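Here is the structure we will look at, set down as structure tokens.
The letters A, B, C and D name the chains in turn, as written, and every chain counts its residues from 1.
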Amino acid sequence: MDYILSLITFIPLAGVLLLLVMPRNNAMLRGVALGTSLVTFIASISLICEFKTIADYQFVENIPWIQAGSFQMNYHVGIDGISLWLVILTTFIMPIAILSTWTAVEEKVKEYMICLLLLQVGMLGAFISLDLFLFYIFWELMLIPMYFIIGIWGGKNRVYAAVKFFIYTMVGSLLMLIAIMYVYFKAGAGDFDITRFYSVGLDPATQTWLFLAFALAFAIKVPMFPLHTWLPDAHTEAPTAGSVILAAVLLKMGTYGFIRFAMPLFPDATARFTPLIATLAVIGIVYASLVAMMQEDVKKLVAYSSVAHLGFVVIGLFALNQQGIAGGMLQMINHGVSTGALFLIVGFIYERRHTRLISDFGGLSKQMPIFATIFMIVTFSSIGLPGTNGFVGEFLVLLGGFESTLRPWTIIASSGVILSAVYMLWMFQRVMFGELSNPKNQVLKDLNAREIVIMAPLVVMIFVMGIYPTPFIDKMNPSIDKLIAQTKRNQVAPVAAPAGGSAVPVAPAMPSPPLGGHAATGGDASHSDMPAGHPALPPGHPAGEAK
Amino acid sequence: MLSLHHYLILSGILFSIGALGVLIRRNAIVIFMCVELMLNAVNLTFIAFSRYLGNIDGQIFVFFVMTVAAAEAAVGLALMIAFYKNRESIDVEDINLMKL
Amino acid sequence: MPEILFFSLVAGVAIISSILVVAMRNPINCALSLIMTFFCMATLYVMLDAPFMAATQVIVYAGAIMVLIVFVIMLLNMRTETSKNYVHGVLVSCIVAVLTLFVISGFLAKSPLTGATGNMTPELITKVGHTELIGQAMFTKFLLPFEVTSILLLVAIVGSVILAKRKL
Amino acid sequence: MFDNVWLIPLFPLIGFLINGLLGKKIKNEAVIGGIGTLAIFGSFLVSCGILLEMISRAPENRVFEKVVFTWIHSGNFKADMAFLLDPLSCIMIMVVTGVGSLIHLYSIGYMHGEEGFYRFFAYLNLFCMSMLLLVLGSNMLVMFIGWEGVGLCSYLLIGYYFHKKSAGDAAKKAFVMNRVGDFGFLVGLFTLYWWLGENANVWTINFMEIKKASHFLPYGGVVTVATLCFFVGATGKSAQIPLFTWLPDAMEGPTPVSALIHAATMVTAGVYMIGRMSFVFIKSPDTMMVIAVVGAATAIFAATIGTAQNDIKRVLAYSTVSQLGFMFLAMGTGAFAAGIFHLMTHAFFKACLFLGSGSVIHAMHYALHHAHSHDDAQDMRNMGGLRKSMPITFITFLVSTIAIAGIPGFSGFFSKDEILWQAFSNPYHGGLNIILWGIGAIAACFTAFYMFRLVFMTFYGDCRISAKAKGHLHESPLVITIPLMVLGFLAAVGGYIGLPKLIGELFGGIPNYFELWLEPVFEMAQEYGHQYAQSGGHHNPALEWGLMGGSVLIALVGISIAFTMYVKNTDLPGKFTSTFPALHRAVYNKWYIDELYDFLFVNPCKALGNFLWKGFDVLIVDGMVNGVAAVVKGWSSAFRYSETGYVHNYAFVMAAGTVTILGYYIFR
């Protein structure tokens, strides 16, 4: 079981290789892709079983990979409570996504399935990477299959959407690459291990710029207002599976990036930019809700609702306390499940009617009772009704926000619960209620077995997570505690250390480093109690190394 | 006394004329001939140097250049015929698939 | 002195005929002028104590290649182009050509014009024979390139056959 | 018995699951209705057991908490799925399960033959479960599940006839307005949790723990903020000003729904919540005053609208809003027990009224349908003289009307009188008291007027439908009339458990059992109240008798006006209308509140949304993005001209480049 993470990550790749050599028999290709994703999912279940509720990284694999002079990139993977659920979410969503376009994609099925599986490799890899360089590679790897999925199998305006998606993301990730390099040089020769970077105390000015570079990349991915405009286009044009994956997993990359990289790496900058980011998140919530309300296209509406939901996640993360982050994490998973389900639902009616305009529908409840029931459950989950998953996450986020310094922001964000009800219910009413007046709608068929199979696990998850979220929260708690400790302590370290450094248990009596000059040593004080202290680095490596 | 310079200058003149031809003519075959002219100018340089340095290697090179020229003639002319079949012309301005 | 006179004569003919190659409108005329240039070149090769090369020049260039070209010209039934003989940038191209010449002259003026010297003297050539000297070098020192040349030719043959045959 | 409290919400849940998942296959209405009714009846039996056990316990042992499982636990925040039993929740579960059972039974008859019969019962059971969670929840979050859950069920049931646009609109309106309230509830919850945690280090949302820690809370200040937020939640759920407009529209739902959700149970959740947290509310005099004023204002405001409505259910709806106003008036004057008492009696008589109206509509609908008439079965202008053909309905309806009008001897009198007395004599609001009392009294007069107007228009006079249809009018079946009779009986006698002290003394010192029962719940609140109470109320028996007589007189005045206008001299209403056309129009159109809200909130929101989308998102943000792209494209298309696609151009550039580079190296 030592290589379980690699196994999970690369099973889809094996599927890709298998698909490459297979004949062009669509049914067989789909079957293989589905089988691969199912095997991946089953394998990932073992992660939950074996996961120990502790703060450390688990299932760690650390293999030297590229060695070029002083540069060293390792294949260093591992998960903790934060990434565990995102990995599970990814493997859980994948079979559903593959099933969702079982019949909708008829052209180039082989390439399509290859793209989907490659995408999965990228997503899983990004979630499990503990090496910044490796993370960056997987991060970029995700981009390419998604670009093709939108650009080849998308709707009318697909090329525009795909290019927009690509360029937006690329701009962000380029800046991130630069920042990664910068951090690396600041940290001194060695590998790209993030645990090593956590202990690099950067001076606040540097942190500001690096944080901005990281934050831009992640904010685009989240997406946060005003960097969100790629999302409605990408969602609208992408095929159902693309939208589902985009919403369920890809957007989480942004928030995951914040919590895994941007916040613990740059604690001072995080503290400094929290008001700004919270403001953007709150604007995003209200703004996206208002815009969603006026949408005429169901899919666009759902896309804008994504922006609003992710705003909640960001507020939760930046509240930087147990409830906020746990809520944010839960909300990420919830959003994956609920919004994924919403996109599937839109996909179902689009497959039947080839339109997504709200005005083309109305009264579908009468014709499609099963569909109506599922749609309603998902809608209420998205609104955040207690008993469904949406509530727990949203509630914890708001609670956490209220306890932290973000109180005023949280109050405004809470109004999102009203607005979400407005736009979702209005849409639901216009699509499902009323007279069944359009003759084309009068012959619609209810969901078939495949579609019910797709929706069933999601609906079950909606209730399980709403009624008994304890296992989810419990497993992440230690990691969240550790994250908060890391971020908060580092926030104190560079400022408080010269004053005596009593804020942290300082093992060796290190002279407090001068600020500014060689900031690389700023982390010395906090170095000693890093859980994964790097053996290669003596505590308090000389500042000269940083050059 | 006839010196190396004489040959080299002649070769340069011929080369320039060939290059001019390549640049200004539209007929692909004429351009091809101009390329041959340039090759010949180079050949002349090779042989002149070979003679004045007393080193036979240059002449061997000329030999190879001729081989290449022959091969080039064969393939190039075949290409032109193929193109002509397609376009009813061997005007280089018609070879414009790359034009926007 | 007579050498220089003769050289000047041959060089003049070569230059004039090469200018004709560029300037003539009818491709056939161009081709004929080119043949003239090639003969001039052969003459110069003889003056440079390379009779074998001169022979090869006549056989390969004037004989084989030019025949091929003339053949193609006739095959494609090309007439004198009536109007669009030249591209637009004639003047600029001329300037570039003059500059080329200028650069070459500059190179000649500046360069010491030396290289790896050998032992091939006119005496040796007359004694051993030019063909044999070439043959010796070709089949000993340059054996591998020589063989590779054959592959090149083979590829050219195959390529031209395919190109000419296939309906593009 | 207390340990089995979890069964109470479980039974309806099971009923919901069976009916919801399998109902479509069962098809048999008797089975579906039976399952639904039995489920809630089971809860009723358990509740009775709990009530009996609670009575047998000593007052100080009546609080019991049952933790089922830990729901959310994150850091210092912990929310258990736990139930709280105390005298207050005991009354509530009795009302909910009791009235609920009757209404379920009634629905079997009323919903007979409706498409989606199973759906109706599933929703109804789900509603009962949510409502029971609401009243049983031992912490704010469990209460909030119920709080939102009843909102959801209300949404589902109002939108039951989803093919009607008005039903869909009403459902959405109800849910969204409730959501506005929920927003308040959440913010209140956060404030309280955060403040107690930060300042007293009591991180809890559990009611009992908050109660224990409530002495940390200051008077006013943060408590005012928190309680006002909670009160916003209550206004949403209980249809008070300003969030009351959804309730009349909610009458789009089937009548049993109106009876159960929009009269007896759900809308009283706000009152219950204030009662549950009385020890917090009382700590903020400002909030108490706001509650009292809002309650009184709602009472009179809704009552005025009720006088001009013609739809039988709408009249009842406005009456409900008005009565809820009374309850809030009670809560705001610190008379928590009186408020809860009125909640209970109101549940009896209003449920009876709604069910009675349902019975009437049912009959009318049947008659009109068989006469192929398209007249509105709910319009009172089409009714009249029904007392002959529907005697049971008439009698129960009349009893309940008398009860709501406040005629001595019936339940409504006791509770309403108590509220009015408390409004007059409470020690909290000083000079405002007399105004509160005055408004309450006028509202009571209006209530008597419009309720009797309803009775007279419906049951007296001549029948105004066609003779053909008249022949089809008949009394409803037993399954409908039995609940009516039970509720009618309760409406008549339900008030005797809370006899005012004054009257009790007359009969040999019978105490006010109801107040006694709830005393331990509100004890702490009263204690806090005394901290700032002004010199006590005027406990003058003579004055109380006088006021009591006054309120009876007021009710009688209302009734006699109604009698004059709608029985004796039926021209009067028309004359009145033509004399004050503007007034009538305004009242008839509900004082244009809906239009005002549209103008103030709905339309600006839509316009803003539209502007943000088309103006900001597409034009500015996307414009900037595409603008950058366009600039790049512009530059590249300028550079594009260097790439002509002609071979000789490339050759030329190559040659020139070569020459240049060589030239540079040679001549440098």
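The rule we apply is simple: a residue touches a chain if its C-beta (ideal position, glycine included) is under 8 Å from a C-beta of that chain, and two chains touch if they have at least 3 such contacts.
Owing to the predicted nature of the structure, the values given are computational and were not obtained by experimental measurement.
Q: Of the chains shown, whose Cα centre falls closest to the middle of all protein Cα atoms?
A: Closest chain centre to the overall C-alpha centroid: A.
Q: Any idea whether A-D or B-C has more C-beta pairs in contact?
A: B-C
Q: When the C-alpha atoms of chain A and chain D are each averaged to a single point, how far apart are the two points in Å?
A: Taking the average C-alpha coordinate of chain A and of chain D, the gap between them is 39 Å.
Q: For chain B versus chain C, what separation do you get between their C-alpha means, in angstrom?
A: Their C-alpha centroids are separated by 7 Å.
Q: Using Cα averages as centroids, what's the distance between chain A and chain C in whole Å?
A: 68
Q: In whole angstrom, how far does the Cα centroid of chain C sit from the Cα centroid of chain D?
A: Taking the average C-alpha coordinate of chain C and of chain D, the gap between them is 102 Å.
Q: For chain B, give me the residues that contact two or more of the other chains.
A: 19, 23-24, 26, 93
Q: Specify, in ascending order, the residues of chain C that touch 2 or more different other chains.
A: Residues 87, 89, 93, 96, 100 of chain C each touch two or more of the other chains.
Q: Every touching chain pair, please?
A: Applying the touch criterion to every chain pair yields A-D, B-C, B-D, C-D.
Q: Contact residues on chain C for chain B in the complex?
A: Residues of chain C touching chain B: 3-4, 7, 11, 14-15, 18-19, 21-22, 27, 30-31, 34, 37-38, 41, 44-45, 47-50, 52-53, 56-57, 60-61, 64-65, 68-69, 72-73, 75-76, 78, 81, 84-87, 89-90, 93-94, 96-98, 100-101, 104-105, 108, 113-121, 133-134, 137-138, 141-142, 145, 149, 152-153, 155-157, 159-161, 163-164, 166-168.
Q: What residues on chain B touch chain C, complex-wise?
A: Answer in residue numbers: 1-2, 4-10, 12-21, 23-27, 29-30, 32-34, 36-37, 40, 43-44, 47-51, 53-57, 59-60, 62-64, 66-75, 77-86, 90-91, 93.
Q: Under the touch definition given earlier, write down the residues of chain D that touch chain B in their complex.
A: For this pair, the touching residues of chain D are 640, 643-648, 651-652, 655.
Q: What residues on chain B touch chain D, complex-wise?
A: Going through chain B, the ones touching chain D are 19, 22-24, 26, 92-93, 95-100.
Q: How about chain C: which of its residues touch chain D in the complex?
A: 87, 89, 92-93, 96, 99-100, 102-103, 106-107, 110
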